[in-house]
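The two complexes that follow have chain A in common; it is paired with chain B in the first and with chain C in the second.
Up next, the complex of A and B:
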């Protein structure tokens, strides 16, 4: 009888703990990185956006469900599957981002283009439809963003202002933009009949958007989607001569945000490897446990202690550290202020063990 | 003839006594700022590690793990090493200082010895923090690598169990050894610490 009571208690507590984690940030990222013309630029977009998502969840303390699809996985069938299987709670946030080819049919009425995976009409799907499907899931806040209809321009460029060092969570700007709001944002990188430009270091629109967002965050400025996108629009026109289009329907919403005195910590994700690293990092866990978890994590996830780990800066292209898995885990287990990680690239054996991983680290201030 | 000899002697002397210019590495403003930020981060982490090692709140198990990780930031993991000419060099040292009756007493220890001693320091709690790096020299070429010096202020606070307190402020310099690699067309700095010396300690 006692055992049954204990078992029931454990089940209830487990159920409560599953349900009671705070808001979820669903990040759906599709990037056509295999395209021979624009693939390299799209890959840069994806890396920078992934790092930005890492900062958003670190700052807002939301649980991250990341759905990242690139290369062969960036296709219409996969997109439809992800959208169909998306489950949202009323307090959740959905961020959809696409970088790749786009276009419009002759009879298209929407001002937003169609996503065209592999530059193929049979792989086309309207951005407005993506927005519709996500809206039907009824999250508190949704952003649908596309950098599409790209063509390479070698002689034009806009300088990315994304820093090359580590990321540091500093203020409440991300909370005000992504967590404490209700409604929707829909934005595409160019208006009807315009071509969007891809620079070697990323799409013009994505680069300008991240530059403007970075300025608001680093300046701890009043955060407002309309102002952010107007500035992005202006910068994109100046840099690449095409005009992003957008609709902002946003109100401040109440949320279950923690008080500002709650320490900033890394939040759990749907990636068990990253969860293991977050638990090992400086997130208030027992220090002896952190150190003792090195060997179990090493054996669980890595092919060998000599598997390679590279840490890259915020821009996704500046390598800061190269170490083996053993050294990396030992460093993380005794780290100071390190709270979160973004997985930018991973290579695994057939058995699913990591031989190489490229990460970005996020620190609290 | 005499004139020619004098001119030759003068020219030869000038050559001999012209100071040899050290090869410095010129960094762009952005690279310099990034390098300085990197050094600040490494120093901040290092000083926090020292606090962790010195604190009675942490187990010996955790402290040993911190020491192992900290030593990786030092040249040859804190052990003696061979330079590019093959000469054996002493391990990096940590110079400490303490104020007693207004007088400064300095001591140098190999970094491994210093860290192991710090595990058993007599204070209940140790807090070591720093100001931002005051000064970072240019990177100058030494053999097959580059070196720089950083100067910073370190604040030390030791609390005894009975409430007694010792605190001081020390100006320190640290030798920084840098290997520069080209990765994806960008310079990447592989940074290690060398000797850490005291310039001056004040109460």
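Up next, the complex of A and C:
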């Protein structure tokens, strides 16, 4: 009997851990946050983009596979590894984003620049090649986006290879832009022979893009990639005098959200800590179970009840709350409408226990 | 007119003209040279009146045992002495404060990869001016210390470079793009 119970438990746990969603949102983010000139601005880009990804998956209820690489991890070898190991189902969405240095060779034909992880020519990798590799994986929809210079360097060679506050999700706009579409979007922050500008609070293009996206979301306007990128282009020219270039090859699916009667919930990710928080938050779980999970989660993931948790707003720089791990988990376990989290920064002991974590919280409307 | 009357008239005229000149106006300080402001007084002095100026095409390859460097970068080609007529254009552009981008313009997301270097020499002092067209920045190296600054005179600098190197492939490519954008 005991053996049967144990077997059943294992089957249930295995079943729970198997993705039961039909779509995965693969978010591949590379950010050159260590660069002495632009690193601080790029770090802001990464925080803002991570927050936006949190909003997207919360709204669309897609499973999130996040591949976030910054600092030393933002290098060509890591990029090639991630792209090589990327596995897509036909209904999946892939979102690739890069913020850092860029450039083009004198004889480059593509209108999109090369990503330059380091000053060395051998560390450069064409954006168009990233698009090509992802396209070969056959996701339903892909976005390849870069905030980087597109100016001509004599040194580069042609490569043959190729919110300050809380986030509140709405269904329809994100669904129509990221889920109910098929095809591709390719966009770079400047046209041939142009540099791209980094402001202290982030890249000009990234900031303009997220602002325009935010306007569509908050106004619940008709979502359209071409319109969104045209507005972004106009805003970027005005703000920083460089012109983003883009190609939109998108077939929209139904504009009716199939989920209008289904509550928005936090979605599982490939981050077990975030999954634990999502399960503890207001996602339809039993209230008593949520409260009972505080201590196990505390012991599993945190170094001590006094480990620090800081909650930041959608802009990634406005600190809303600073509390210890115990207080944080107790608050989450009894929260209302809190559905999802974005992990912006984490510090751990050698044993992998969290001593500090910086989060952004996402709420249901 | 008696001598006394003449002297009084002159003094009165002086008094009136001085009063007119000073009335409601403060004395304006002499503006500091843009080069001095951004790169220091010694650099400004050397750039203003060099005894000799040499030019080089640079490469971003790391220097080998055989290669020479200037301003910290490897020399691809030594262009020799530059005439005063030629380098005066560069002096003019450097000295104009309007050619320096204000901080509010932000930082360019590209590496500083100078294509041309100009070594200004005055006595024992040497100052190297670097032109990085790929990121629209110029840099000055003095005493092994480099200061970079984004510029706002890209077209003028390209034309200056084209004057020195009319057949250069890279310069011509950049100019072609500029002309296409007009």
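Just so we're on the same page, the second predicted complex is superposed on the first by the 326 of 365 C-alpha atoms of A that agree within 3 Å, B and C clash if a C-alpha of one lies under 4 Å from a C-alpha of the other, contacts with A are read in each partner's own complex, and residues count from 1 in each chain.
The rule is short, and it goes like this: a contact is a pair of C-beta atoms (placed from the backbone, for glycine too) under 8 Å apart; a residue touches a chain by one contact, two chains touch by 3 or more.
Not measured: the values here are computed from a predicted model.
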Clash-or-fit label for the pair chain B, chain C on chain A: fit
Residue contacts with chain A in the superposition, chain B compared against chain C: C
Chain B, chain C and vertex chain A (Cα centres) - angle in steps of 10°: 100
Contacts of A:288 with chain B and chain C, given as first, second, both or neither: first
Touching partner for A:102 - first (chain B), second (chain C), both, neither: second
Touched partner set for A:326, first chain B, second chain C, both or neither: neither
Chain B versus chain C as contact partner of A:318, first or second or both or neither: first
Chain B versus chain C as contact partner of A:196, first or second or both or neither: second
Touching partner for A:240 - first (chain B), second (chain C), both, neither: second
Which superposed partner A:334 touches (first chain B, second chain C, both, neither): first
Per-pair minimum CA distance [chain C against chain B, superposed on A] in Å: 19
Residues of chain A at both interfaces, chain B in one complex, chain C in the other: none
Touching residues on chain C, where the partner in the complex is chain A: 59-60, 105-111, 113, 115, 133-136, 169-170, 173-174, 177-178, 181
Touching residues on chain A, where the partner in the complex is chain C: 37-38, 41, 99-103, 106, 116, 119, 121, 147-149, 151-155, 189, 192-193, 195-199, 203-204, 240
Footprint of chain A on chain B - complex, ascending: 34, 37-38, 41, 44-45, 48-49, 52, 58-59, 61-62, 65-66, 68-69, 72, 183-184, 186, 188
Complex contact set, residues of chain A against chain B: 164-166, 287-288, 290-292, 317-320, 327, 330-331, 333-336
